[in-house]
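Chains here go by letter, A, B, C and D, matching the order in which they are written, and residues are numbered from 1 within each.
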Amino acid sequence: MQKIAVLTSGGDAPGMNAAIRAVVRRGISYGMEVYGIYHGYAGLMEGQIEPMNVGSVGDIIQRGGTILHSSRSEKFKTEEGQQEAIAQLKAKEIEGLVVIGGDGSFRGAQNLADKGFPTIGIPGTIDNDIPGTEVTLGFDTAVNTVIEAIDKIRDTATSHERIFVVEVMGRHCGDIALWAGLSGGAESILIPEVDFDMKEVTYRLLEGNKRGKKHSIIIVAEGVCPAAEIAQMIKEEAGLETRVTVLGHVQRGGSPTAFDRMLGSRLGAKAVDLLREGQTGKMVGIQRNRIAVVDFADVFSGKHSIDLDMYELGKSLSI
Amino acid sequence: MQKIAVLTSGGDAPGMNAAIRAVVRRGISYGMEVYGIYHGYAGLMEGQIEPMNVGSVGDIIQRGGTILHSSRSEKFKTEEGQQEAIAQLKAKEIEGLVVIGGDGSFRGAQNLADKGFPTIGIPGTIDNDIPGTEVTLGFDTAVNTVIEAIDKIRDTATSHERIFVVEVMGRHCGDIALWAGLSGGAESILIPEVDFDMKEVTYRLLEGNKRGKKHSIIIVAEGVCPAAEIAQMIKEEAGLETRVTVLGHVQRGGSPTAFDRMLGSRLGAKAVDLLREGQTGKMVGIQRNRIAVVDFADVFSGKHSIDLDMYELGKSLSI
Amino acid sequence: MQKIAVLTSGGDAPGMNAAIRAVVRRGISYGMEVYGIYHGYAGLMEGQIEPMNVGSVGDIIQRGGTILHSSRSEKFKTEEGQQEAIAQLKAKEIEGLVVIGGDGSFRGAQNLADKGFPTIGIPGTIDNDIPGTEVTLGFDTAVNTVIEAIDKIRDTATSHERIFVVEVMGRHCGDIALWAGLSGGAESILIPEVDFDMKEVTYRLLEGNKRGKKHSIIIVAEGVCPAAEIAQMIKEEAGLETRVTVLGHVQRGGSPTAFDRMLGSRLGAKAVDLLREGQTGKMVGIQRNRIAVVDFADVFSGKHSIDLDMYELGKSLSI
Amino acid sequence: MQKIAVLTSGGDAPGMNAAIRAVVRRGISYGMEVYGIYHGYAGLMEGQIEPMNVGSVGDIIQRGGTILHSSRSEKFKTEEGQQEAIAQLKAKEIEGLVVIGGDGSFRGAQNLADKGFPTIGIPGTIDNDIPGTEVTLGFDTAVNTVIEAIDKIRDTATSHERIFVVEVMGRHCGDIALWAGLSGGAESILIPEVDFDMKEVTYRLLEGNKRGKKHSIIIVAEGVCPAAEIAQMIKEEAGLETRVTVLGHVQRGGSPTAFDRMLGSRLGAKAVDLLREGQTGKMVGIQRNRIAVVDFADVFSGKHSIDLDMYELGKSLSI
C-alpha cells in the first residue's frame, strides 16, 4: 500500500489530532504518501483531499478539536455518495482510509469496506459508548474537564451550603457522569443505565444534612432527564432548593490529556499497520489495556455496558 | 483597637480567602485579636464568632470560595437584626468589623456604622459592578475561567464550523462579557449597557462567512437576554444555526489568579489599617491602580460604567 | 475486623487523599472504626493516631499531597521500631493497617505482616516503578503535569527555534519520561532502561534541521544523567546550543487527575475489603486494567519493565 | 500611512500574539496593508516580510510564544544592519513599524526612528522591567504560571514538612518573585532590589518552626543568587535541610491570561493609531491603569522600581 488517507467524522474529540499525527507519521515512516481529507465524508465526496507531510502535523498533538475539521453527512449514507467517495479516493490513487469517529462514522467506513475499499476505524468520541473498546479517544480529557468544573462549583457549594445539580454529556452512556461523579466526589450520580430512585437521592441529601453536611453535588447524565427536572423533583420530594448547571459544549474541547494523546498515537499508528497488512472493515480499540482489533460487525452488534462495581463504589464512598 | 472581626457576605468570589488571611495576619501583626464570623450577617446575629490565629488562615490563599462561608440575610435588614449583631460583637468586645462582599453587604455595614460600630468594606464579587473601585475581588479569576471555557468551545466551533452563543454572568454589568469576549476573541459581545442591533450581529456573521470564516463565538451577558433567545433571533434573521452554552456557576469558583490573591491581600491589610486609624463607613477599593478609600455613601450613589473604548476596541479587532 | 488504620509513607503522590478517603469511608460503610496515622511509620511509632469519620475526609479528593503527611523512618527498619509500632496499634485495638506508599514502604508493611499484624499495601508513587501493578497512584497526574510544562516550553522553543533538554523524574524507571515524551511530542526520549546513542540523538536533531525543523525538545529521565550533561554532549557532538530545564518537585504535586482519583478510590476500597476478608501481606494493584492482588514477596522479587513498543512508537512518531 | 509592519524581538512573552493580532486587524480596519516580519530584526534585514490578512491572525490570541518568531541580532546594532533593514522596508513601501519586545529591542527601534523611519514600541517581556510602563506584556501570565508551580510544590512541602527554595526569573527586577511570592503565600521573598539578611530568613524559619509551622517556601529571583546557594546558607546558618527547584523556561510560555490578551490587544491597537497620527520613537505602555505614550529616550533613562509597600506587605502577611 503506497497511498493512504485519514479523516475525522462526527463530533470532535480531544486526541483526534494526536491520532491524525500518528497516521501521517507512521505512514511516512513506511515510505507511504499520506493524505488528509477535510470535513469528513462530506469533504471526501467533494474531493477536499490534501497531501500531508511530517510538518503538516507538527505542533498539533496538544491541540483540541481536529485540524481536518469534521462534519456529518446524510448524502454519504446513499449508494451514490459512497460511489463518489470511492471515485475521489481512486482519482488520487489512495488505497486505504483511516476513519476517526464514532459508530455512525464506522457504518460509513463499513460501507466503503463492503465495496472493496480498505478502511480501518479509530474510536474517537468523548462519550465512551463504543462497543469493542473499553475506552474511546477523548473520554479521559472530557472527564478531567468535568471534574475541573465540579471542583469549581464545589467552592460555591461549600461556601453557600447549597445543593448543585450538574448535567453532563451522555445520552445513552453514563460513563462521563459515573467517572466524573466518582472522581469529583459527587453525592449522587444519575445515569441512563440504572433506574434512579428519587427517594434515595433525597434520603441521601437529608441524611447528609442531619450529619451537618449542608452542601451536595448531584451529577446527572443528559440521557436521564434535564437537570432542571431533577431540581424540581428534589424540591417537591424534600423541600430543598438546588442550583442547576448544564456544562454543555466545554466538555468536547480542550488540550488532550496525556492519556488521550498517547491513546491517539497508539491507535493511529496501529491503524496504519493494519492497512499495510491488508486488513479492512475493522476498528482498532483497547481491551484490558492492550490494543485490540475488532470487526466493525462486532462493534455494531455489541453493547457497551457501564461498570456496575464502579457505580456501587460511588455509592459507598459518597456517604 | 484591640479586637476586630471579619465576615464574608453575598455571593462568594475567588480571592475572599486571601482577603480573610490578610485581615487576620495584619491584625495579629499589630497585636490585635482577630475573630472570624461564619455565614455572614446571619451567623453574626447567631454569634457564630470564632477566634482566628496565624495558622487558621494558613494554606488558604490559593483556595476558591470562602472559609468563613457566606449567606444572605433578610433579618439583618431590620433594626432588630442589627441590634442583635451589635450585641454579639460587644459580647466578645469586638471593636471593628471588616465586611467582604458586594454593595448589598455594604448597606448592612453602613447600618452598623450608622449605629456607631466601625465597619470597613472590601468589594468582593466577580461581577465588577461596584462604584468607586475599578476592579472587584474575583473579577480577574472569573474572566480567566470564562476564557478557558471559550478556548475549549472554540476547538469545537472551529472543527465543526459552527456558531456558538455563550452566556456569561452579569445582570447589570457587562464587564465579564466584555473582558472575556475581547480576550477570548469573540466575534460579537452583547452587554446590558449597550443596546444591541441584531442586524449588526448577523451582518458580522454573514460577512465573516463570505470571507471564509465559518465559525464564530458570540458572548452575551445574562442581563441582556437568555442566550437561547439570541440563538433564535440569529436563526430568524440570518437563517444560521447556532449552539448555546450557559456557563453558569463555574464562573464563581476556582483557585484565584495571582491578581486576585494580591488584590485580596492588599485590600485586607488596608482595611485593618483603616479600622486602626479610627475610620468607619468606608470601602477600600482600587482607583487608577492605587488603593482608594471611598465613603459607602459614594458607593451607593455612584454608578459603575463600562469602558466604551474597550467595547469599540472589541469591534475593531473581531473583524 | 472492627478497627483499622491507614497511613501514607515515602514520597507523596497525587491521589493519596482519594485513597485515604476511600479507606475511611469504605471502612465506615462496614461499620468499622477507622484511624488515621500521621507522618507515616515515624508517627505510628510515636502514637500519632487519630480517629477519622466521614467528614474527616470530606473535600479532600481533589487535593494533592496527603492530609496524613508522610515521612521516611530508619528506626522503623529495626526490630525495636516495629515492636513499638505494633504496641501502638494494639493499644488502640486496631486490627489491620493499610499502607499507601512505594516498595520501601511495603517492606515495612511486610515486616508487620510477618509479625502477625495484618497489612495491605496500595502502590502510591509518581514513578510507576512498582512490580505487580501496571500503574501506580500519582503517575497519571505527574505525566500530565510534565506535558503541561512541555507545552509551555514548546512555545519558547518554537518562537526562538531552540533545542530544549528537559529533565524529568525517574531514577530507575523511565515511564514518566516515556509517557510525557510521547504525549508531549518530544523529538528524543532518554530513559534508564535503554542505552542511548548520542550520535542518534544528534543525527535526529541535524536531520530535523535539514528539513527546516529548527526547534526540538529532548526529554531525559533523571536516572540517565543530568540534563546539563546531555546539553554538553549535544554541543560537542553537533555544535548545537541547547537550553536546559529541570522540572523538579512540581512533578509531585497538584490536584490529582480523574484517573488518579478513581484509582485511589478503587484501591482504597479494595484494601479494606481484603483486610476484612482476613488477607495480609499483599498489595492491591492494577493488571490489565483490573484490580489485582499480589503478594508483597512477588512485588519485591519482581521487576517493572517499560513498554518497549511504546519506546519504538515514540521514535517513529517524532520524525 | 498605507503600509505598516510588525515584528517581535528578544525573549518571547505570552500576549505577543494578541498584540500582533491587534496591530494587523486595527491596521486593516483603517484600510492599511499590514506585513509580518519573521525572526525579529535578523529576519527584517534578510527581508523575511510577508503580507498578513484578517485570517493570518485568527485563532492566535490564546497561544503562547509568537507566531512571527523572535531572535536577537548583533548585526542590527551596526549602521550597516540598520541600513539594510530600512532598505528592506522601503522595498516593500512600508512606512511604519511596530516593535514588540524589551528595552534592547526598543534601542533598535530608536535607531530606525533616528534615521527617519517611524517606529512605535510595545513592551513585551515577562520580567516587568521596562521603565515608563507599570506592567509589561507577559508579566501577568508568568506570575500565574509561577503560582501554579508554587501551589504544587506546597502540596509536597506540607506533606513532608519541608522547606523549599524556589528560583524564579528576574535578573535585575524582582517583580515576578515579589508578586508570585506574595500571591503564593511564600514565607520569604528575596529580590535584587533589596539586600537580604540571611539571619532574618532563618529567624523566620525557626520562629515558624516553634509555632508548629514545619513547611516553608522561599522565593528567590535569579538575580539575587542561585537558589542552591540560599539552600547552603540556610543549612549553615540554621542547620535546616531544604529542597531546591529552579522553575526555568516554563515561565515564558503558556496560553496568556485574560489580562495579557487584553493588554496586547489594547497596546497593539494604540501602536497603530500612533503611527497613523505620525508619531515615532515612542513606547505605548500603561501608567496608572491608562494607556500612556512615552518617548524611547525616557524609557532608556528611566528606572523601573519595585513597589516597596508590596514588599513590606509580603513580610507582614507571611508570619
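Everything below uses one rule, namely that contacts are C-beta pairs under 8 Å (C-beta built on N, C-alpha and C of every residue); 3 or more make two chains touch, one makes a residue touch a chain.
Owing to the predicted nature of the structure, the values given are computational and were not obtained by experimental measurement.
At the far end from chain B, in terms of centres built from Cα atoms, lies C.
Distance between chain centres (mean CA atoms), chain A to chain D: 39 Å. Centroids of chain A and chain C (each the mean of its C-alpha atoms) stand 28 Å apart.
The centroid of the Cα atoms in chain C and the matching centroid in chain D are 35 Å apart. Touching two or more other chains at once are residues 151, 154, 158 of chain B. Chain pairs that touch one another: A-B, A-C, B-D, C-D.
Contact residues on chain B toward chain D in their complex (touch as defined above): 18, 21-22, 25-26, 28-29, 54-55, 58-59, 61-62, 134, 140, 143-144, 146-147, 151, 154, 158, 179-180, 182-185, 211-213, 255, 257-259, 261-262, 265-266, 269, 288-290, 310, 313, 316-319.
Chain C makes touch with chain D in their complex at residues 8, 11-12, 14, 63-66, 69-71, 145, 149, 151-156, 158-161, 164, 243-250, 252-254.
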